[in-house]
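The next part holds the structures, each set out as structure tokens.
Next, two complexes with chain A in common: one pairs it with chain B, the other with chain C.
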Partner chain A sequence: MGKFARLGFWLSGLIVLAVIALGCIAPLVPYEPADAVSYDDALVSPSLAHLMGTDEQGRDIAIRLVKGTEAFFLPGLMAAAISIVLGGLTGALTGYATGFFRTAVLGALQLLDTLPRLVFIILVCTIRDPSVMLIAFVAGILFIPTVATVIRRKVESLASEDYILAHIAHGFSPVRVLLHHILWLQCWPILVRQAAFVFGYVLFVETGLSYLGDYGVQEPTPSWGNMVAQVRSLPSDAPWPWLIPAAAIVLTISGFLAFGNLAARRGEEAVR
Partner chain B sequence: MSEPMLTVRDLVIEFDTQAGRRRVVDGVSFSVQPGEVLGILGESGSGKTLSTLAVLGLIPGRPGVVSGEIELTLDGVRHKLLETLPAVVTRSAQGEYRKDDRRWGRMVNRQMRPLWGRAMTAVFQNPKQSLDPLMTIGAQLDESVRLAHPELARPDVRARSLDWLSRVKLHNPPRVHASYAHELSGGMCQRAMIAIALAREPRLLVADEPTTGLDTTVRQEIVELFHELLAAERRAMMYISHDIREVLFLAREVIVMRAGKIVEVATADDLRTGTGVRHPYTRTLLQAADLPVGEAA
Partner chain C sequence: MNRLLALVLVAGRRLAGGLLLLVGATFLIYFTIRSAPGDAIDAITPMGTPPEVKEKLAADFGLDQEPLAGYVTWLGRSAHGDFGESLVTVTGEEVMTAALPAFRNTLLLSFAALLVCQVLATLLALVLGEPSSRQQVLTGALYFFTAAPSFVAAIFFSQALNAGIRHFVDTNGYEPPDWYPIPIDAKSIMQYVFAGLMLIAGDGLFMDMFNTVRAEISAVRNAQFIAAIRAKGASTAPHTLRNLVVPFISAFAARLPLVLGSVVIVEYFFTLDGAGYLLLEASKQRDFPIVVGLSVLFTLSIIVMNLVADVVRAAIDPREVARNG
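And now, the complex of A and B:
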């Protein structure tokens, strides 16, 4: 790993840590969106009283930014968990199993993989009560095939390794060999990369839908997406109310993607 | 002589290659007596490794084992390992074999699972690749001890593991216990591998060219270790090697394989002293090792 990659790893790691910290703190911050409105303070530039300034309704942007992490944090974690747990298990199973079962599961995964993700998520939102949790749940399911495929390839390539043969000959439990020796010890870098990606994807979809309005987080509850949406009515000399959340979105998504990739690379180098 | 613990009869193994189907093991029969070491001698590609992997049930389909019988007797119970084979092999009018790979794989797994480890296990060549690169030696050894003695508590498992490490003459057992395979030398890995295999307490140990790729001095130490832990304790073992001296040192009975067939069955004593009539290939091997070659056939 080069110097540049190592720097990227620590920087992106910092972003990930910061987002996780904010996500944990946010629910503890008392915030009543209606009470925060104060038209006298509308569009104040960043200052000591309001670190990131205020928006058109005089609400403090820093607090809304922190509170906005609530919109995607838990849903993102849930989606990542769903995709790596279920994807990891189906991947390990299809890498090990043979016969009709394997064919059937692979077929189902392929079918799931052909669904256009964003369109399918919006479709589900139109037929059920839209919520970020629902979006995240569907996103988690939709990423199962991606995770399962990389894990299956890994399991298949490891199956012919001498030490796996030796474990079988010693009579080590096949379930343990599969789950512990292969899935856990060998595949964790892959799982980290996928989890970070899915988390980033949920943030992307949540902010996108909140920006567009109908299916995302509704005003006055803050989301980075509906904060950016203010761009439509803001005067051009007051860019901070949308610029700051937009920067947060870009930084967080790229931070998570970079961290996933670089952490996995470090892991894979250590594994070898 | 008592009843053999392992009997292999007319084992035939074939594989499909680009040049068509090739018979790599051709009607091999042998047996292992309880507490005896059987030496299997032969060059690379003679089918010696495949014959023993077949005994362990570790040969995948396509077509792999196509006929034969393997019988394992444990505590008076007879296990017929290839009993289900005829059910998955069909023969066409032209005498061509077809084998249902998947059914075969399932049947082998079901039948072998209770036998793997408890009845027999193996020490392979390439000790470094035979150890899990991501688990400490200790973690793997502990697993082996735990499987052999599920009743033991955690500290006792560790104590027994450390004891095994010192029995295979590894210095500083606690350090080795906490090491990964890549931190140890090839010889140390093979000692650890032997400890893991023996800690499982198998009735029959299959050692498949365990000294290949090791330094000459280390090879000798490993062979002596096998002698001490198996031959001397009268545990049954199949010792596969292409080195006639190793085989003669360890085994009581020796079979010599070439091109998928057994060309010679003899006692180690006869081979050492040059008694009896010898196959030309065996004579070449004996000659190469500066041993009396015996009479020509």
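And now, the complex of A and C:
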């Protein structure tokens, strides 16, 4: 790993840590959107009183930025958990099993994979009460095939390795070898990469839909997406109310993607 | 002749597989509808829909029957291209009459954007060559900026464009809103060009494509048969190109689903006359037949793309036939 990649790893790790920290403290911050409105303080530029300035309704942007993490943090974690747990297990099974069972599971995975993700999420939102949790749940399910495929390839390439055969010859049960020695010890870098990717995807969908304004988080509850949507009515000499959340979205998605990739690369170097 | 036969066999198998996938995918879509909480028909129609319209809709979608029988009824109608009539968005019009022209625009936009993206990624890969530590500042920056969601990229783009235009062009007193992409004229091709650019620049598509393309080029260039050809003094270019066609088609086909997702949001941003815009508008107003019809079209296009990619690969590369035949 080069010097630059190491720098990227630490920087993106810092972003991931910061987002996790914000996501954890956000529920503890008392915030009542209606009380925060104060038209006298509208569009105050960043200062000591308002670190990131205020928006058109005079609401402090820094607090809304922190509270906005609530919109995607738990849903993102849930989607990542669903896809890596179920995707990891089905991937390991299909990499190991043979015969009809394998064919059937592979077929089901291929089926899930042909559904266009965002279109299917919108379909579900049309039918059911849209919420970010629902969106994240569907996203998590739809990412199972992606995770399962990379895990299956890894398991297939490992299954004939001498040391795995030695484990089995040693009398370890295949389930233990599969779950512990292969999935846990060998595949964790892949799972980290995929988890970060799915988390980033949920953030992308949540902010995108909140920006469009129908299925995401609704005003006055803050989401980075509906904060960016204020761009439509802002004067051009006061860009901070949309610029700051937009920058936060780009930083977070880039940070998570980069961290997933670089942590996985470090992990793969260490595993080998 | 033998090879042609093998190819036809592969195509037949792929077609059968594609049909099976289509049946499975429509089944999933149908049961998502059936899983609606409470009375499904109330959940999927706009408020205040007259009862006779509801009844007709329930009959069209087989909601008055057992789930499986209803699915067969609905699938039978859909197979004839009959997805019912639009409820609100384009009231009374056949779903396919409204959806197909819009979907054609969407497909054209997605394909063009994906193709340009692949060409640009290939050019960059050729210019940069093998990965080296000196490029990392450039690729790192590209990673960072292209990971932005396409709608965020589109906002930055139109803000910059509008600021530029205000400075350099006399807009004749007319001041478009800052966030709104110029030109306003919905019929203008520039809207589509901008939308295509945002598809390429956002959602991490470009660097994902770049990585794949560069790895494939490097794999073929460093292959032993290329070294052998070079040792014999022949030109390596035709062989390199021929061996790159198959992975390039795969890379293209694999990213279509991602682009078909991004295009929905981008179309809505630029208010293009496309399937993505229609889908979100219809979904907002609970115009259910349109949403379902478009979901099926999107799914179908992904299945067809994979099918075509498989057959073309088999036609170009005999090893694909041997592997799958």
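A few comments on the model shown:
Criterion: the second predicted complex is superposed on the first by the 272 of 272 C-alpha atoms of A that agree within 3 Å, B and C clash if a C-alpha of one lies under 4 Å from a C-alpha of the other, contacts with A are read in each partner's own complex, and residues count from 1 in each chain.
The rule is short, and it goes like this: a residue touches a chain if its C-beta (ideal position, glycine included) is under 8 Å from a C-beta of that chain, and two chains touch if they have at least 3 such contacts.
This one's a predicted model, so the numbers in the text were calculated from it and none came from an experiment.
Applying the stated clash criterion after superposition on chain A shows that chain B and chain C can sit side by side. Looking at the shared chain after the overlay, A:Tyr163 reaches chain B, while chain C stays out of its contact range.
Of the two partner chains, chain C is the only one that A:Ile253 touches; chain B does not reach it. Contacts of A:Thr126 after superposition: chain C is touched, whereas chain B is not reached. In the superposition on chain A, contact of A:Gly171 is made with chain B only, not with chain C. Taking chain B and chain C in turn and counting the residues of chain A each one touches, the greater count comes from C.
Applying the stated contact rule after C-alpha superposition, one finds that A:Leu212 touches chain C and leaves chain B untouched.
Contacts of A:Leu185 after superposition on the shared chain: chain B is touched, whereas chain C is not. Touch criterion met: A:Arg117 reaches chain C, while chain B stays clear of it.
When both complexes are overlaid on chain A, the residue A:Thr98 reaches chain B alone and has no touch with chain C.
Of all Cα pairs linking chain B with chain C in the superposition, the shortest spans 14 Å.
In the three-chain superposition model, chain A touches chain B and chain C at no common residue. The residues of chain B lying in touch with chain A in their complex are 56, 58, 101-102, 105-106, 109, 113, 115-118, 120-122, 124, 126, 129-135, 143-144, 147, 193, 196-197, 200, 206.
Put simply, chain C touches chain A in their complex at residues 20-21, 24-25, 28-29, 32-33, 35-37, 43-44, 133, 136-137, 140, 143-145, 147-149, 151-152, 155-156, 159, 163, 177-179, 203-204, 257, 260-262, 264-265, 268, 279-280, 283-284, 286, 288, 291-292, 294-295, 298-299, 302-303, 306. Listed in rising order, the residues of chain A touching chain B in the complex are 98-99, 161-163, 165-172, 174, 181, 185-186, 271.
Considering their complex, residues 2-5, 8, 107, 110-120, 122-129, 200, 204, 207-208, 211-212, 214-215, 228, 231-232, 234, 236, 239, 242, 246, 249-250, 253-254, 257-258 of chain A touch chain C.
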